[in-house]
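What follows is a set of structures to go through.
After this come two complexes, each holding subunit A, first together with subunit B and then together with subunit C.
Up next, the complex of A and B:
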């Protein structure tokens, strides 16, 4: 793929974002959409400066954002540190799969958000409850994709490792895990998305800080400008964490032709 | 030492009653340092024979043994070269070759020497730090052969190793293998459906029937090769032109064709 193509494509992307902003400006400036329903760019800017400089809902934008990022990262790490090994184990060991799969099938249909009341009941409005709910939400895609990753390994790869006399632990760390890595990373991306979805929902329901809390306060204050600031912040943070994960993936899978695009 | 023995071996896939019988009463002995090729129509179970020696599949009845010991599981004494190479794509060429040595718990210094030797043997020195996907198919199969040879295995099991290569590369690899076999003779079980390849490489060629696969006949190539002095020719095409070569090839072709004809295929 030539550089001209990439350049051309990013121009198209920029143009469509510009068009969206223009449309936003147009419909709000002409009064086509009233300020009470959707904020104008000026309202958005006022809200953004207010929360950044003077604070809102008990803190500045940076403090709220850091609180949310901290919980997402912690919940995500707990989820993948438990989910990926479990998935690898289930993929590798038929007995583990036989034991764990039925439990999984029962718990899996429960939407992660349905755990929020129980989590708040157990752990209150603090960080613990949110990390627990993120864990439940982000755990499932990690497990399923790691499991599928192991199951999809070409049999000759495993047989070659067996033929070379590879001992059990090295088989897992040097053969199974890297062979399943492309699928594992797919799972991690889904887990990260689930982490954000769940965190914002949990903060909407019960929290004392964070972007979800800002959104909840702004809704109660009937403050469309601040609602939009909260939404955009979540979008930017979600994009940034996903980009960080993609960077890690490119480094970890440098050997993978398919991953190179 | 490395002898292989199939003793009244049957293989049934699926349920024991009502399954598909893939192999029927296979009896074959391969002596130490002997190169035996198995040819047969596709689906005749020739690859299954190799997989049983490798320890990837158990026989349904009978015994497959190496050096008199029944095979129970895969191991580095029986190195396998796969048709699709089966390299580890996340490991460099050097790391691919090194893994089997690390599994033997050899010291770093000793491993480095052995890996360097294997790289040299297969002309891979300039690609030691490349990843498999950066290499052509022929180069990848060189790595797979180096990975097998470095283990100093008692027997070498090659499952259509050149089947995935283009015609030119294939010829180069065949000549290479003959060179290897002279420098460093091994017991080799070689599976192929290419008759010329079998005659060119092997000491003996075993011909299999259609499923359920049986060994129909075993042809002695070695005595013809020695009597007609094939080895004085460096190039494969010169050997293939010899009358004695053509005669053996045609004999095997006819035998295989009877197999197809007998079942109207």
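Up next, the complex of A and C:
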């Protein structure tokens, strides 16, 4: 399709990133984009060294990043610890599904970000409110995918296990959970993305530390260099946690990945 | 898995039980003061407040007026994302060199949560309409691009070979082969975009806006007006649901039409 350039692909990619960097340097150095609107590479570097070495918004870059990662991981873990079992149960038990689904249908259309004002009213500006909204954000994809994972299991597998008199507990740990695992991981990836978005929003609305707080302070100080540092940090952290999850997936689902190749 | 589906009556009974216990628990928590009523109003309080807000202004406008200004931003942001994302995705699906140029940049930007654009949005646009539009665009753009791109890349190769043999040029190839073949994928991308855009809108309005339903909720939060916050959540949920239902209908309609044609 098109003109094939498979060999030159990565080279072109590299060149386009380099071109973008050059363009960035060019438009800021010539004053085409004023320094008050978008930082130059030098501004970016200065802001980066400032926050890393001397700190900004009450802490160093590492401290803010750790605070954000801590909240995302905690909210995410609470969400999967509650969401995945609930999804598995709804997939397994038709009565549970019938009872829980309507409640779910009511709550689900409310975007996680819309819980932020309520979370702040209930829990204030501390860690609790953030964990609550991350929980809401990550909970829904966990439940839906675990549920769909169970529902998509081949019926003969389950019937065979039932016929062999597999006890209920072994049924869940050895048949249901492994068979639903690929779908569950898909849900976890969506959950993780939702967690980051929600955390950044929650920290922007009100926080005392964290990357969103850095962004908020930089916005109030009209400090474009620091805004860019905050954005890049958000991107790097999102990428790193997603990569960690993919690694966990490959470990946990080695059988499945091997089967796919 | 319990392989026998429930009877319809049983399903309704369990559903009513679930919903009843949810609302009952909520009402009880609030009525017996286990959670102070100021922070957890009863379901009835929220409903009353919702109805009130339809005619009484809060934070400068009534709920329908806030929703109207939210919806205007939302429409601009999502339309902009579709108008740029879909054609770019199709072009990337056809021209390999464009794919090679855009993909690394796109992948780099994608990990930045849309909401992280808020400070620049505020810097560039103040509390005007541009800020929320930028954030909605950032949220809605990726699915438009990705789905158009995938749709174009996975077109039946035979169709392309046949068209090529007949001497079809690039423009006609994209408009008459890739676009129709990619339409189902594009439409489901638009549905995802619409949902993400609505989410981003709420986030944007919580921070950079002087009107809109998100702004109303932040003002209510500052005044500890919990029923108003919750009424806002209800309104956001209802509109989000309506958007999703409409797009699902559209998608189903399109599938039926194409199914008949095939």
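Here is the rule we go by: the second predicted complex is superposed on the first by the 240 of 261 C-alpha atoms of A that agree within 3 Å, B and C clash if a C-alpha of one lies under 4 Å from a C-alpha of the other, contacts with A are read in each partner's own complex, and residues count from 1 in each chain.
Note that a residue touches a chain if its C-beta (ideal position, glycine included) is under 8 Å from a C-beta of that chain, and two chains touch if they have at least 3 such contacts.
Not measured: the values here are computed from a predicted model.
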- Message: Quick one: is A:255 in contact with subunit B, with subunit C, with both, or with neither? Answer first, second, both or neither.
- Response: first
- Tell me which partner A:13 touches in the superposition: subunit B (first), subunit C (second), both or neither. second
- Message: Going by the contact rule set out at the top, does A:234 touch subunit B (first), subunit C (second), both, or neither?
- Response: second
- Message: For A:159 in the superposed arrangement: first (subunit B), second (subunit C), both or neither?
- Response: both
- Message: In the overlaid three-chain picture, which partner chain does A:167 touch, first (subunit B) or second (subunit C), both, or neither?
- Response: first
- Looking at the overlay, what does A:180 touch: subunit B (first), subunit C (second), both, or neither? neither
- Message: Touch test for A:207: subunit B only (first), subunit C only (second), both, or neither?
- Response: neither
- On subunit A, which partner touches more residues: subunit B or subunit C? C
- subunit A contact set shared between subunit B and subunit C covers 159
- Task: Please give the residue numbers of subunit A that touch subunit C in the complex, ascending.
- Result: 1-6, 8-10, 12-17, 20, 36-38, 91-95, 98-103, 106-107, 109-118, 120-122, 150-151, 153, 155, 158-159, 176, 193, 196-197, 200-201, 204-205, 212, 215-216, 218-219, 222, 224, 227, 230-232, 234-236, 238-239, 242
- Residue ranges of subunit C in contact with subunit A within the complex: 1-6, 10-11, 13-15, 17-19, 22, 39, 93-97, 99-105, 108-109, 111-120, 122-124, 153, 157, 160, 198-199, 202-203, 206-207, 214, 217-218, 220-221, 224, 226, 229-230, 232-234, 236-238, 240-241, 244
- For the subunit A and subunit B complex, residues of the former touching the latter: 154, 156-157, 159-167, 170, 174-175, 178-179, 181, 255-257
- Message: Which residues of subunit B touch subunit A once you look at their complex with the stated criterion?
- Response: 54-56, 73-76, 78-80, 82, 84, 86-91, 99-100, 102-104, 131, 133, 147, 151
